[in-house]
Amino acid sequence: MSLAGTLGRSAAGRREPAWRAPALWGGIAAFPLVVGLMSLGIGRYPVPIDQVLLALAAGSGFAVDVPGTVERVVLLIRLPRILEGLVIGGGLALAGAALQGVFRNPLVGPQIIGVSSGAAFGGALALLLGLGLAGLMAGAFVFGITALVIVFALSRVDGRSPVLMLVLAGVVTGAFFAALVSLVTFLADPNDTLPAIVYWLMGSFATASWPKVGLVAGVTAVAATVLMAMRFRINILSLGDEDAQALGIAVEPTRWAILVAATALVAGSVAVAGIIGWVGLVVPHIARMLVGPDHRRLLPAAALLGAGYMVLVDNVARTATASEIPLGVLTAIIGAPMFAWLLRRTQAGGWT
Amino acid sequence: MITVEGLSYHLPRDRCAVFRDLSFRVPDGAVFAILGPNGRGKTTLLKTVLGLLRPSAGRVRIDGATGYVPQGTHLPFPYSVLDIVVMGRARGIAAFRSPGKADYAAARRALDRLGFLGFADRPVTELSGGERQMVLIARAIASEAPILVLDEPTSALDFRNQDRVLGAIARIAREDRLTVLFTTHYPQHALHVADTALAMHGPADARAGPVADILSEAELTDLYGLPIRVARLDHAGRPVRTVAPVFGAAEPAGLPLVAP
Amino acid sequence: MSEPLRRRALTAVAASAAIALAGAAGLAPTPAQADPVTIADQNGATVTLDGPAERIATIPIPAASMVVAIDGGTDRLAGMHPLSKTALTEAILGEFFPASVDIPSDVVGQGFMPNVEALLALDPDLVLQWAHRGDDILAPLRNAGFTVAALRYGTEELTRGWIEMLGTATGNADKAAELIAWREQAQAEITGLMADLSAADRPRTVYFLRYLSELRVAGEGTYNDFYIDLAGGTNPAAADGSGWLTVNPEQVLAWDPEVILLNGFEDDLSPADVYANPLFADVTAIRDRRVYKVPLGGYRWDPPNQESPLMWRWLAMLLQPELADWPLRTQIVEAYGWIYGQTPTEAQIDGILRLAMNGDAAYYDRFAGDAGR
C-alpha cells in the first residue's frame, strides 16, 4: 500500500473513548483488592462475614469481642495465605511480563527458560541439607540465576538469542536441573526429607505464615521496584540488542539488571511456595490483551491481575475439598488450555 | 564530523577481511552515500562506524550522537507508532525513568515533519514496509542527534515510496543541517541526494569523493562488474540524471564470482 | 492381676517355651531331610521352598522387623532395605541384637527396585517384595531365579497374613499362631470394652502422618483410622476422604480434634511443636494437652507391625482412660519376652513410650515407670 493511501486512512485513527482507560484501570486495580477481601470470607472453617470483619478490626488494634479461634483463622491462617498469594501471583506475572519483553518473545516464562527448574533444584538441595527458610531462599535464588546464565550462554548466537535457540537452551537447562532435582529426591530420606521435598515441589500456600509473607514480600518489593522503574528500558530491549544499543542504551547491564530482578521474584516465590507454573506465562497475555504491549502499562497491569488470579486459584485449592489440591496442578490445568486459547486469539495481533 | 582511519573488520574466526585499512571523512552537514556490491560490507561498515561492531583495527571518531535507521526491525510486540518513535529519545532518559512530556512532544514533532502524525496511535505491526521505514526515520529524527545513519533506507520500496523516503531524508538534513550517512544499492539515489560517496570496490579498495566522480560510468562499471550507463534526460525542462545497467553484458559466465 | 491378664501371662510363658524348642530344632543341621514348604503369597501365587527359609532378604520396610519377631532374632535376616536397617539399628531391636549392624542393606534402590546383583551375592533362599507396587519391581527377582513372596500392606487382615506366611516359611508356624492369637485376643478385648460407647463419648482423634512439611492426616480406610476406632475414638478426617489427606490448618480447626497423634517418622517432630503453634492454640487437644507422639518399639507403632496389640492398648488408655486400664509397661516386658526373648530395661521402656516427649501430656502419668509414679 502506498503511503499516500494510508495517510488518508489514518486520519480516521483508532481512538478509544475517553472513559475507557480509567474504567479499565479501575477494574484492574480493584481486581486483587476485591478478590483478596472476598477470599477472607471463604475457608474450610466456617466464619460468618461479620466475624471476619470483627477479626480484622481486632487485628488492627480495635477492642472488639471476637472468638479466639475466629481471630486466629482470619489473622493467622487466611490473611497471611491470601497476602502470600497476592504477592507471589503479582511477582510471577510481573517477572513473566518482563522476561517476555527482554527475550522479545511472548512464549517465554520462568518455566520455559529453566529458571524454575534451577530454583527448584536449589530449594530441594536446601531441604535435603536442612538449611531452613533462609537457606531455601538462597538456594532457590542462586540456582535460579545459574539456570538463567546457562540458558543465556547456550542461546547466544552472534551476540543474539534467537527464539529457537532460547527455547532449546531452556529445554536443555530445565531438563538438566530436573535431573538434579530427581537426584536430590533419590538421596533424600523417604521418612521425612523426601515427603517434604515432594510436597514443596508441587507448590502450595498451605504453610503460609507471617514470616514467610514478610520474606517474600521483602524480596518482591525490591525486585518489583527495579522492574517497574525499568519498564521503559524493557520496551527498548524488546526492539532487539542492536536497535537498543543504537538508541544509546547499555544493553548488557540493562538486561542483566532486569533478568536478576525477575529471577529474584521467581526464586522468592519458589522458596516460600514451591513451583507454581503458568502464572508468569498466562497472566501477561491477558494483561496485554487489556492494556496493550507497552511495558509501561503492561507490567503494572500484569502484576495486579496476577495477584488476583493467584488468590482465586488458591481459593479453589484450599476450599474445594477437605484435602488441599496441589496449587501447581491447578495452575497448569487452568493455565495450559487458557494459554492455548490466548495463543489462537492473539496470534493475529502479530507477535510472531 | 565522522573520521574513519585505517578501519579493518574480520568476521569472527575468519582470516579474510571484509574490508581493510579504510579511511574517509564525512564533514559536518554532508550527505554521504556508501555503495558497493552485495557482501562487500556496507552494513558492516555502518555498524562499525556506529560502534555496534568492534573493528579489528583502526578507529572511528564521531562528533555527536547518532540517530540510526536499521534495515528493517523485527518487532515482536504491536507497539503504537508513537511508542516506537519516543524510544528514539532513550539516550536522554535515565535507566529508571520513562519518557516525559518533552520527549513525547519531540516524538510528535518528528512524526509531524514526515507527515505521519495521523499514524501515531497505529500499531506498527499493521504498517506496510514503507510506512515502517518512515516510522524508524521519525524515531531517528526524534533523537535530535546531529548525525543520521541509515542502512539501505529505500530497499524493498516502490518508486513512489523511494521518492518520499529520499525526499524526507534530504529535506530534514537540509532543515536541521544534519550529517547523513547511508548505504544504498541504487547509484541514482546517491546521485539524487548525496554530495559525497564511498564506493567499496574491493576489500582494500574503497574510493571516496564527490558523487559525480565516484559514480561515473567507468567507476560504476568497475564497481558492479557490469556495463553501466549514466544518462541525462530532460523532464519538463528539468535535467534528470539516471543510471541504467546494461543487463546481459557482464563478463562471460563461468568465471568465478569472487576473484581467487 | 485380672483373669484375662493372668491367662495372657500364661500363654506368654507357653509361647516362650515353644520358641525355645523351635529354636533348638532350627539349629539341627539337617537341611537335606527338610520337607518342602509351601506358602501362598499375597499376590495369589504359590511359593514353594525346599525347606524352612534360612536366609531371607526383605525389601518391604516393615518386613525385616517382622522376620525378627517371628524368628525371635536376626539370624535368618540375610539382607534388608536400608530404612529397615536404620529402623532396626537405631531403635530397641538394635540394642537387643547388636549383630544386626552387619546385615547388608544394599539390596534395594529407589522405589523398591531390587538390586539383583547385590541379592545374588547374598544368596537368599527367600526374597520378600511388595505385591501392590507393580510388576516392575517383582519381575527382575523372578528373572534372576529367586524364590519370591509378594506382600500387601495396610490392614489388620493383611498383617496377620504376613505373620502366618512368615511363620510357615521359617518353620515358626506355632509362633505365628501365637502372635495372631495375641492380636485377636487384644482386639476382641478392646472391642468389648468399647462396645457401649456412644458416638459422643468417642474423642475426635486425628493422626498426622506429616506435620512439619505439610499437614497430612489419615483418612478413611487407613490402618490408623482402624485403630482410632478400635481404641474408642473417632477419626473426623474419615468423613472427608479416604487414604492420606493433605489439609490446611483451617480444616484442622474445623475438625477441632480432642486428641492428636503425631507420627514417628518425622524425627524432629514432638508434641511441643504442636503446643507452640499459635494457629492451634484453641484446638481442644492442645488446650487439654492431649497431643501424643506415637511410640517406637521393635518397629514404629504407627503402621501395622508385630507389636500392634500394645499400640491399641496404649491408645485405648489415652482415648478412654476410664474404660481402659492395663499395666502397659509390664505387658511390654512380657510381650518382648516371648516375642524377642529379651527383657527391656526401665529406661528402654521409657524410650519406647517416648516419655521424654509425651511425659507431661494428659493421662500420660499412667505410663510412667515406678520411679515416675
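Labels A, B and C are assigned to the chains in the order they are written; within every chain, residues are numbered from 1.
Basically, a residue touches a chain if its C-beta (ideal position, glycine included) is under 8 Å from a C-beta of that chain, and two chains touch if they have at least 3 such contacts.
Everything numeric in this text was worked out from a predicted model, so none of it was measured.
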Central chain of the complex, centres being mean CA coordinates: A
Highest-count interface - the chain pair sharing the most C-beta contacts: A-B
Chain A and chain C: spacing of chain centres that average the CA atoms, whole Å: 45
Centre distance in Å when chain B and chain C are each reduced to the mean of their C-alpha atoms: 84
Where chain B touches two or more other chains, by residue: none
Sites on chain A touched by chain C in the complex: 43-46, 68-69, 72-73, 76-78, 81, 186, 189-192, 195-196, 199-200, 204, 206-207, 318, 321-324, 326
For the chain A and chain B complex, residues of the former touching the latter: 1-4, 6-7, 10-11, 13-15, 101, 104-106, 229-233, 235-236, 238-240, 242-249, 254, 257, 288, 292-294, 296, 349-352
Complex interface listing, chain C residues touching chain A: 83, 110, 210, 212-216, 219, 237, 240-241, 245-251, 253-254, 265-268, 278-279, 281-282
Sites on chain B touched by chain A in the complex: 47, 50-52, 65-66, 68, 70, 73-80, 83, 87-88, 90-93, 95-99, 115-116, 118-123, 125-128, 130-131, 134, 143, 158, 160-161, 164
